[in-house]
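Chain naming follows the written order as A, B and C, and within any one chain the residues start at number 1.
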Amino acid sequence: MRKILKIYKPFTHAGVLLAAQYRVNFVFFILGDVLRCFINYFLWHAVFKSGGAETFMGFSEIDMVSYIFISFLTTTLAYSDGAYAVGEEIRDGSIAMRMIKPIRFDLAFLFQELGERTMSLLLAFLPLVAGVEIFRFFATGRFAFNLWFFLLYFVSLVLAYLINFYFNVCFGYTAFVLKNLWGANFMKDCIVGFLSGGIIPLAFMPGWLGTALNLLPFASLTYTPVMIYIGKLDGIAILLSFGLQIFWLAFFFVLQQVIWNASVKRMSVQGG
Amino acid sequence: MIYVENLRKEFKKTIKEPGLKGSVKSFFKPKNEIITAVDDISFHVPRGEILGFIGPNGAGKSTVIKMLTGILTPTSGRCEINGQIPYKNRKNYVKEIGVVFGQRTQLWWDLALRETYTVLKEIYEVGDDDFKKRMAFLNEVLELEDFITSPVRTLSLGQRMRADIAASLLHSPKVLFLDEPTIGLDVVVKDNIRNAIHAINENEKTTVILTTHDLQDVENLCDRIVMIDKGKKLFDGGISVLKEKYGQSREMKFVPVDPKAASKLSYNAEFGLSEDELSLENDGHEVKVRFNSGLISAERLLNYTLSTLHVKDINLSDADIEEIIKGIYRSEVKLDA
Amino acid sequence: MKRLSKIHRMFKLHRIFIKQDLKRLMEYKIDFLTGALGMLVSQAVELVFLSVIFAQIPSLEGWTFTQILFIYGFALLPKAIDHLFTDNLWMIGYTIIRKGEFDKYLTRPVSSLFAVTVEKFQIDAFGELFVGFVLLGISIPGVSLEISALNILLFIVALFFSTFIYTGVKLITASVAFWTKRSGQIIYMFYMINEFSKYPTTIYNKAVRFIVTYIVPFAFTAFFPASYFIVGGNPWYNIGGTVVMAVLLMSIGIFLWNRGVKAYESAGS
C-alpha cells in the first residue's frame, strides 16, 4: 500500500496543480450548475404549496430541499472524467503506450483525479453543506446536523466516487466502437443522472421500478449517500447499502480489469 | 502605395506573482506592465515591390503585419495603404489585400478545397467569369488540381500553403501579405512557393510584403528588406547594399596536416588587423578564419597560410546573409539606411 | 438594392455551410445519432421528472400539466434556433480569441460577427427543435389557444425575437473574451439562467423573478410570450417586452463586440 502511494503520489500532485490552474473556471461552472438546484428548489416549493400536504411521497419540504442540494454536491464530488480520458486515449491511439509503462493506468488516472477533486472539495463542499444546514436550522428551528450521519455519508461518498470512476473507465472502452465521445458521454450522463436519483429521489418511482433501481449500481452513486445524509436510512439499511456499494465497486473493478486484459491482448495481436 | 509613419503598438501585460497568493492578489489588484512591441517604425513601399521583413522571434514583425492588415489597431502613428487606413474602414480595405499566415490556415478545415474557394468567391463578391479565369490562373501557378477536391484537413503542409496563397489571391488583391510563407516546408516545396510568389508579382504587379526567418527567401525573392529587432528598425535597403556594406566578410576553412602546427599562425600580427577585422577559430581539427575582404585579399591570406604549414583541405566561401544579420544583431549597431 | 444583395449574399453563404454540415452528417451518421439521441434522452428525463410530480398534484400554482408542457416546449424553440446558428460564439469564449484564431475573421470583407457565426451550423440542435415541436403539438389541444392569423403572426414575432435574446446574452458574455482572452465559463454561467425560463416565473421568489425578467431576461424567451398564448395578457408587455429585450441585448452585444474587436490583441508572434 505504501509503495503504491509512493509511486502514484506525483499523479495526485499533478491533479492538484491542474485543478488549481482552472479553479476560476471551475467556480463559474459550479455557479452555473447551482442555478439548476435553485430552479428545482423553487419548483418543489411550488409543488408543496400546490399539493397542500405536509409530505410528498414520504418527503417533507425540508427533506426535499436537502435532497436537491446534497445530491448536487454528491454528483459533483463523485464525478469522474474517466470515460472521456480513456476514450480520448483510445481515439488517438495513445492507449497503446500505457501497455509499456510499469504502472497501472487505472491507478494513474485515479490518483490524478483524486488530486483534481480536492479542488471541488475545497470550493464546493463547505459552502453547500453550510448552506443546507443553515436552511434546515431556519426551517425547523433546531440544529439538524448529525455528525454520525455526516461521517457515514462521507464514507458512502468515497465509495460512490470509486464506483463511478471504475464504471466510467469501463464505459470509456466504448470508444472502440463509438467515435462521438461527446455525444456518448452526454447520453450516459443523462441516463446515469436519472437512474442514480440525481434528478428525482428513487423513492418516487413506482414499486417494482423503485426496487430495481435501488439494486442497480447507479443508486450507489448518488441516491445512497444522500439518503444517509438526510437521515432517511436506519442502521441496518445503511449497512446493507454499504454492502451493495462495495459489491458494485468490486464488480466494476473486476470488469475493468477484464476489459483491459482483453484489449491488451487484442492490441498485441492486431497492433493497436 | 504603402506609407508607414511612426507606427507604434503597445500591449498591456498583467504580471502575475507565483502561487495562490499571487493570483489572488493579481485578481484584485492587477499589476500591469506596458510592452512596446513595435516602436516608431516608418517605411515606404512603392507599387510592385517585394519587401522582406526580417528579424528574430518576437521582434515585432507579425505585429507590424497585423497592423497593416487591419487586425490590430496601432497605439499611435499611421499607416496608409492605397489611400486607405486599414483599421478605420476594415471591411472595405481588406477587399484590396490578401493575407496568408503561415502558422495557421484560413481555409475551412472540413470543407473540400474547392468549396472553400466557392465560399471566398461569395465573401469577396467575385463575379462568375472572373472567378473562372482567376481559378485557371491560380491553378497554373500553384498547381492545385491534384488536391482541389480533398478536404483541407487532409492536405500536406506544402499543399495547404499553396491552397492558402491561392485563397488570398482569389479576389486579385493589390497587396499581398505573407507571414512566414515557407515555415516548416521542405526545400523543394519552398522553391515552388517562391517561384509562385515571383510569378504573381511579375504578372500582376502585386506588391508583396513578407516576413520570414528563412534567408533564402530573402535572397531569392526580395527587392528590399527591412530588418527589425525589439520593435525598432535596424536596416532598410536593398540586399545588394546590405551585402556590399556589411557583407565583405568571407570565410576560409582548412584542415592542417599537423594540428599542432596551427599555433604557428598569427594572422593579426602579420597583416596588422584587429580581432574585428579578422578572427580565427580552431577546434583542434579544422581552422576557420573569418576576414574582411575589403582590407585583405584572399590571395595574400592563402599564400601566407600555405607557406606556414601543410594543409589537407582548404575552402573559401562568401558569408551569407545569415552571418551578416547575426553580426548586426550581435553588435546592435545602429545602421544608417 | 445594395442592402438586398448583401442579404442575398449572407443567405448564400449560410447555404454553403449548411450543405457542408449536412454532408458531414451523412458521413458520420452514428456520431450524429449519438448526439441527437443524447439531446432527446436529456429532454425525456426531464419530462419524466415533470410527470412524476404531476402524478401527485393536480396543478402547480394554478398551472396545469399541459400548460407547463406548452411553456416548456415553447422554451426549447428559440434555444434550438440560436443553438443552430450561433454555436461558434461559444468557441469565441473558449479558444478562438485565446489562440489568436480570430485574426482570419478580420481579414474578410464581411462583418467579423457574421464571419464567425456562419461557419458553424450546429445540427445537434435538431434534437431540441424536435422535442419542442412535439411538446407544442401534444399540448396545444389541451390548452385554450386560439389559432388566428394574429396569433400566428405574434408567435413568429415572439419566436424570432426570443432567439435574439439567447444570441444577445451569448454575444455580450462572449465579447468579454476580447479583454480577458477567455470567457467560456462566463457564457456558461449566464446561459444556464435560461433554465429558469421553462417554468412559470410565478413559482420563483421576487429576486429571482426580477433577475430573469429584467437582468438576464430569459423569462421573455418562454414564459411571457407562451403564457400570452395560453392564458392571455397584455401583448405589449408579453410580446412587446420580448422585442424590446432582444433589441436591447443585441445592441449592447454588438456594441461590446465592436469595442472588443478594437481592443483585440491577437496572440503570440
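The definition used in the following text is that contacts are C-beta pairs under 8 Å (C-beta built on N, C-alpha and C of every residue); 3 or more make two chains touch, one makes a residue touch a chain.
Just so we're clear, the structure is a prediction, and the values are computed from it rather than from any experiment.
This structure's chain pair with the greatest number of C-beta contacts is A-C. Of all chains, the one whose mean C-alpha position sits at the greatest distance from that of subunit A is B.
Remark: the per-chain Cα centre closest to the mean position of all protein Cα atoms belongs to C. The geometric centre of subunit A is 30 Å away from that of subunit C, both derived from CA atoms. Chain centres here are Cα means. That of subunit A falls 54 Å from that of subunit B.
Averaged C-alpha coordinates give centres for subunit B and subunit C that are 46 Å from one another. Residues of subunit C that touch subunit A in their complex: 28, 30-32, 34-39, 41-42, 45-46, 48-49, 52-53, 56-62, 124, 184-186, 188-189, 191-193, 195-196, 199, 203-205, 208.
Across the complex, subunit C meets subunit B through its residues 9, 12-13, 16-17, 20, 24, 100-101, 103-104, 106-111, 115, 119, 262, 264-266, 268-269. Contacts from subunit A toward subunit C in the complex involve residues 24-25, 28-29, 31-33, 35-36, 38-39, 42-43, 45-47, 49-51, 56-57, 178-180, 182-184, 186-187, 190-191, 193-194, 199-200, 204-205. Within the complex formed with subunit C, the residues of subunit B that make contact are 11, 57-58, 61-63, 66, 69-73, 87, 90-92, 94-95, 97, 99, 101, 104, 106, 108, 110-111, 115, 118-119, 122-125.
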